[in-house]
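You will see two complexes here that share chain A, one where it goes with chain B and one where it goes with chain C.
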Partner chain A sequence: MRAPAISIKGRAFGDRVLLALVILLSVIMIAPVLWVIGLSLKENAELMANPNSVFQAPYTLKNYINTIGTSSVFVWVFNSIIVSGGLTLGTLILSSLAGYGFARLNFPGRNILFVIVLFGLAVPEQAVLVARHQIFSMLNFHNTYHGLILPGLSASFGVFLMTQYFKAIPKELDEAAMLDNASRFRIFWKVLLPLTVPAQATLGIFTFLGAWNDYLWPLISATKKDMYTLTVGMASTQTNFAQSEGIGFLMAQAVFAGAPILIVYLFFQKYIVTAVSGAAVR
Partner chain B sequence: MTADIEIRNVSKHFGAMTVLDDLSLSIKAREFIVFLGPSGCGKSTLLRMIAGLETVDSGEIAINNERIDHLPPGRRGIAMVFQSYALYPHMSVRDNMAFGLDNIGMSREVTDARINEAARILEMAHLLERKPGQLSGGQRQRVAIGRAIVKEPKAFLFDEPLSNLDAALRTRTRIELAQLHQRLQSTMIFVTHDQVEAMTLADRIVVMNNRRIEQIGPPMEIYERPATKFVAGFVGAPAMNFVEATLDRSSRNATVRFADGVSVQTEIASNQMTDGKYTFGIRSEDVRIVPAGQGNADGMVDVLERLGERTLIYTRLGNGQQIVGSDVGNSRVAVGHKVGLAFDGQKSHLFSETGRAWHAKEV
Partner chain C sequence: MGDRPVMPRTAPSATSVRAASVDIYAPQWRNFIFVAPFLFFFTTLLLVPLLWGMWLSFHKADTFSSGNFVGLGNYIRLFHDKEFLQSVWNTFYFVLLTVPTLALIGLFLALCLNRRTRTAAVLRTLFFSSSVLSVTIVTLIWRIVFIPNVGLLSTIYGWFGSTAPAFISDPSLAMIGIAIATVWWCIGLPMMLFLSALQQIPQDIYEAAALDNANRWQTLRSITLPSIKRTFILVVIVQIVLQFQLFGQAWLMTRGGPNNLTKPIVLYIYDTAFRRWDLGMGAAASEILFILILIAAMAQYLVTRNKADRT
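And then the complex of A and B:
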């Protein structure tokens, strides 16, 4: 049985090459994170004197203590959680209802309306930014949570995704539930919606990450410091405080800022991997 | 609980296409009715109209003399078993069965009692906490039936429920369904295109074709005295032999002649018939294989199908016409043999050009 032995050997070699590549890519990915953590643990004066001191003791938690004592980062994290969470919840509710409507209800103009929704995918945010800014100014929506959340709720992608998902659920389930004397809302809520959890998870993760990382609209809408989201706040820190307060202080803020998204990743990593790889979780 | 179901002058259109055309049917309480027909004949549409899943364009449907065609599906007192079973995948078997009862506000005690009783009848008590994804096809089928039973409906509707099962399980489930009907004594309507299911399960078969009912009757009546050429050809395997023939009405019973001169004396009274073109029909078991020259015609054996208890013998007459006959299980006939074919005049049928059938008088 010589041939299979060679083949197994060949496969083992291939696996080792693959493993080496994975390790290399992991190091490239993790290096900036380690760099941030390393900087956050150093005194500013030491870093100014010698940037390579990050590799040498002593290390200190002073930057973290200062951040907890003086930084606005927790306000910005809180704002980001409210905006991203609100936007995610709203998108899931609206996209599910709209998706169910497009997939299951017959109403005049349904197909045209769906095409109009899909057009939303083709319109970049920059194209409507000025008009939206004007409208929100008139409505006094700037520097409010709803001002930051509302624009993201018109989620064409979410409606499209949920419509396709609802369409893929066999209609016999609706019919069986109708024969079981269930109302239309009960069919939606108890029978169909639980079956869309994988799509909801995918949509929720994409929406949350998108909202968390969004910079452009919060930069325009949130002009007061206490309404900054994390992205806007961190950017303002970089330009305003990096020299005076020190790079170590800035990096300690970055560690706090990254924690919530890391927690989201830890809880939903199965769905994130599936969502990114494009496979359906069923 | 059981119900008479009355379908009066019902029609159904999908756009410009007529699916059912002025169809009427009475189903008696406790009857097991099978809608049998080829794909697209409208049998599933009719079932779905009774269930309330399709609207009725004209006509009416009544259960126990109460019109129900305007009621939503859940208010008709009907339970349906779907071809795909349509079990709720995220619910346990118990929750699947309880869902319909919860929706009408049934108490937990009554719900549990009904579920346990259905589980006992269907021998699936050990499956109650599983999800449908953890069940085999046959088990899912049982759950679907159980979900129907717990509702104690006036009538059960089955939409080709056996077609997703393998052959052995289908036979077993068929027998269990027959036993279930005897036990529950409920009105049951069963849709299938499988004539074996229809013949074995039905009190009466409704043979449908091309938007209308061809014949309604008990299985053996459908088999032995088909009302039309379509029914004769659709019911029975192998299909009935058909031969174009001319009619000789000079004697009391009709004699038919095939194009190649073969003649068959039938026992069909000729006085009700008119001259014209007819099709002679006879089932394979009514064509005996005899030595060449001793039957009504001689044929060359093309193919043998040994079924165990009998052998189907496919022969070809001189003019190329195929006739299937039947011989004993261990028949010594071989492919290429010349054999005689003896037609049973008592079991012969004649069909006019419009498809109408004539049979010998019942003995």
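And then the complex of A and C:
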């Protein structure tokens, strides 16, 4: 069973090389973040005089106090919550209904419609961006919450995911309920929907995260400062970089914006990884 | 609209012989009501804009008027526009820089971290964590790494008494800087895709190999790598589709500069349609991007379909 001794030695050496490489990569992952946190805790003047001062006290929370004192950050966070929350709720409702419909019910043209919906998965946002923007201009939808929420509701991924999930539930459940004379909607609402909670969680977190991090559409649609989402708002403050409020301030803002999402990730890691991998492979 | 005649079921379930269940699966118009809400948004916000965009690309148009029909005029202008050709080249160059790097590092990490130890779990969490950040935060972090004087890179180079390469302002390095930030941001997904493929390899093959005294390199080459070949192709295609859509990193780190050398197609579309308000031309450029992505998506469909055939 055992490999010869020489091979074991080689294995140990090989292991050490691999370990060193993994450690190096981990350092590359962490170091920039630690650097940003370090800078966020320093006075700007001190940093400009000597960047190595990051490694020495004194540290200060002044940058964070300034960030919180800047009221626009809260407005942007609020906008992001409304937009991401609205889109998530809408996506869950639409996808559950349509997923049930495609998986369980028959209606004329069902198969061709499902193929068209699947085709939607291949359409990148950029292909519809210009026309969508023009349509929204005509409807006066720019710089509104619904203007930011609506485009995301057309994404097919949720329908695809929920259809798969409903298909995996045994049909005998529906048929039993059907014998009790339950209506279609009642079966959907009372019998099947409670069973789809894991899929709802996956889809919900995935949608929320995607909307929270979206940059291109909010950049084009929300042009007024008080309608910025957090991503667009933060991007707008980093344009002038070093000259502006100081590096420490910008870094505090980055930590302020990034920390909550990282904490959420730590709690819902399993769902997030499942959803992101699922969306990529389809 | 009434009840249609009972049609043969496409997928009859062998167990149910009850007469009631035959009616259940007959096509009925009222069942349409469940998919109607989604189809409404899908049609108005995706299909209509898609067709409208194609129509726009044949017109000279600005924000509020869709002007004159110009036929292929916009496309001809595009292919004579040095800036557009440059942006197509830039996009391909960026894909070439990032996709192989992501696939190889992702595979390496998956191979190393595919074990049931606590350390491996923590490291998996770490390598995926950057993926949940927004492009704004990622670019902010990497600009502060690359920035002269206070940057992390220049500080480290400073310890050794040398000057850091100017990853953002040097024309030959700017795209590489963007690629580094992108790999850092996106490494989690390829790693996770490889990990889930590795976990699907039956364990008994490895046990058989161990009995045959195969060393680790042999096992890797003749068992592991062949088993995940399809996943490798899939990861490459998925990443090509994703990285073709480069926008935020380039816009926020370099604004497409210096000399448009880091300006990708999406940034060209953004500039043309939403800063110069030449909507027809912007639409034409987005159709070209759409075709490029569609080709990659087709390839992905073929790869995943073959996989389904095989099992």
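The definition used in the following text is that the second predicted complex is superposed on the first by the 231 of 282 C-alpha atoms of A that agree within 3 Å, B and C clash if a C-alpha of one lies under 4 Å from a C-alpha of the other, contacts with A are read in each partner's own complex, and residues count from 1 in each chain.
Here is the rule we use: a residue touches a chain if its C-beta (ideal position, glycine included) is under 8 Å from a C-beta of that chain, and two chains touch if they have at least 3 such contacts.
As the structure is a prediction and not an experimental result, all values here were calculated from the model.
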* Asked: Thinking of the overlay built on chain A, is A:176 touched by chain B (first), by chain C (second), by both, or by neither?
  -> first
* Asked: Thinking of the overlay built on chain A, is A:194 touched by chain B (first), by chain C (second), by both, or by neither?
  -> first
* Asked: So, A:150: does it touch chain B (first), chain C (second), both, or neither?
  -> second
* Touching A:68 in the superposition: chain B (first), chain C (second), both, neither? -> neither
* **Touching partner for A:20 - first (chain B), second (chain C), both, neither** => neither
* Identify which of chain B and chain C touches the larger number of residues of chain A. => C
* Considering only touches as defined above, state whether A:186 meets chain B (first), chain C (second), both or neither. => first
* Share the list of chain A residues that count as touching for chain B in one structure and for chain C in the other. => 172, 175, 178-179
* To do: Give every residue of chain A touching chain B within the complex, in rising order.
  => 170, 172-173, 175-182, 186, 190-191, 194-195
* Considering the complex alone, what residue numbers of chain A touch chain C? -> 1, 3, 7, 11, 14, 18, 21-22, 25-26, 28-33, 35-36, 39, 47-48, 51-52, 54, 93-95, 97-98, 100-102, 105-108, 110, 113, 116-117, 120-135, 137-138, 150-151, 153-154, 156, 159, 171-172, 174-175, 178-179, 184, 188, 209, 212-213, 215-216, 220, 230-232, 234-235, 238, 241-242, 247, 250-251, 254, 257-258, 261-262, 264-266, 269, 272-273, 276-277, 280-282
* Across the complex, what residues on chain C touch chain A? -> 4, 10, 13, 15-16, 18, 20-21, 24-35, 37-39, 41-42, 44-50, 52-53, 56, 61, 63-64, 66, 105, 108-109, 112-113, 123, 125-137, 139-145, 147, 149-152, 154-155, 158, 184, 188-189, 192-193, 196, 210-211, 213, 215-216, 234, 238, 241, 245, 247-248, 252, 266, 269-270, 273-274, 279, 282-283, 286-287, 289-290, 293-294, 297-298, 301, 304
* Asked: Within the complex, which stretch of chain B touches chain A?
  -> 51-53, 72-75, 78-80, 82, 84, 86-90, 99-100, 103-104, 147, 151
